[in-house]
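In order of appearance the chains are A, B, C and D, and numbering begins at 1 in each one.
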Amino acid sequence: MSDELGARVWVVPGGRVPFPAHGPEPAFTGFDQLCVLNAGDREVEVTLDLYYEDAEPVGPYRVLVGARRIRHVRINDLVDPEAIRLDRPYGCVLRSPVPVVVQFLRQDTRLPGVVALTGTIAYPA
Amino acid sequence: MSDELGARVWVVPGGRVPFPAHGPEPAFTGFDQLCVLNAGDREVEVTLDLYYEDAEPVGPYRVLVGARRIRHVRINDLVDPEAIRLDRPYGCVLRSPVPVVVQFLRQDTRLPGVVALTGTIAYPA
Amino acid sequence: MSDELGARVWVVPGGRVPFPAHGPEPAFTGFDQLCVLNAGDREVEVTLDLYYEDAEPVGPYRVLVGARRIRHVRINDLVDPEAIRLDRPYGCVLRSPVPVVVQFLRQDTRLPGVVALTGTIAYPA
Amino acid sequence: MSDELGARVWVVPGGRVPFPAHGPEPAFTGFDQLCVLNAGDREVEVTLDLYYEDAEPVGPYRVLVGARRIRHVRINDLVDPEAIRLDRPYGCVLRSPVPVVVQFLRQDTRLPGVVALTGTIAYPA
């Protein structure tokens, strides 16, 4: 269970945190999420750079993922170096010093009483 | 943050802009979207060719993506060389002079009070 | 627009045509769909083999895709050599004599007044 | 129809079995599912290791997939070596002695009268 699996650079071009959200938080918060699996034997700090339509990239956002652990990062929880604006189109690039695997998930609860999901394995660059 | 990432040709076979749509525009418009991330240091013009079940391909549609920028392109907004017909099956091929990454997203609001999403990283050819 | 793009073998392990369906047909029929893009300069006959949990594979199902055309094939419309049973788990393998690109899409309308979508680029083997 | 297709290691970082669920079981149970296609000529035992945010990986879970068969495994049905806790973030790594293909599917029925789906081909490591 200790192999290194995956790639060091991952890309998600189609980000946009849904806003507003309906329903109890945090279960029905609208979110974009990056799910990272680190099968390796040491903790890693991965970095995220966010790209926009109308501004220079912002980053790095830093996220720790333990050895043999996953981490599900809600993009809307990122605040340093800059809080993420909801409902703003973005893309992101994740870089890791060791191979990891990354999946993207969106939960959309903009309509009351409705939940929509979409996701995909990110692109390993 | 200035590396070139991705591939020069991307394919999405399963297009079809949902119609009709319900809910306020543009948030709840039915759409198919191509999300492009250009991590490189120069602006690029990418081209789209649309393929159909019953007619020759139409294109190129031209889209600019700035250096270190994303661009989320709604297929239903494309008008030149030919407006896209809603609810018509299509596929598309995106070509870029430099590597980019492409994600496909559909928002379906054909039913009042319902939003359905689906998407995937496109196929890098 | 005439290049050959893609791969000759594509796999979708997670098939199951949703049943029952609610809403007007064919727009709200429950379906699993394979979307094929043939960017090449000649018509191709692709073949599908369907795999099951409890029976030998069935096939080949034959589907024509014109030169420079797409074809969106609803699995539930396949009848030869054997009609597809709805709500039965299956997987499928598509083979093509020339490179094509394949995307999977499911539309689920088992609940009245609800549409759910999911899809992914198929696996190029 | 007897070729070996796919890869021997597959990764899904973004697991979380939706809870609670609404609607008749098993059709509307909330689930995460791994769909495995074994195109080869012999039965295989694939193993799953589950990774968590706050604990060491758990496994191997063992699943048989017949020759020329698919198997759709609901993660929430896994009980040995340890039952899966619902609504807990996880990731998983599937290993097979021969090539197989793996697709991930989630069905979310946490809201009464709503079904949401998302899925993707898993990452072939």
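Just so we're on the same page, a contact is a pair of C-beta atoms (placed from the backbone, for glycine too) under 8 Å apart; a residue touches a chain by one contact, two chains touch by 3 or more.
It should be emphasised that the depicted structure is a prediction, and the values quoted were computed from it without experimental measurement.
Under half of the residue numbers at the chain A-chain B interface are used by both copies of the sequence.
Per the C-alpha superposition, chain A sits rotated 90 degrees relative to chain D, a value rounded to a multiple of 5. For the pair chain C and chain D, the distance between C-alpha centroids works out to 21 Å.
A separation of 30 Å divides the Cα centre of chain A from that of chain C. For chain C, residues that reach two or more other chains under the stated contact definition are 113-114, 116-121. Residues 1, 5-6, 23, 27, 33, 35-37, 39, 66, 68-72, 101-105, 113-121, 124 of chain A are the ones that touch chain D when the two sit in their complex.
Across the complex, chain B meets chain C through its residues 9, 11-16, 49, 51-54, 56-57, 59, 89-91, 93, 106, 108, 110-111, 113-114, 116-123, 125.
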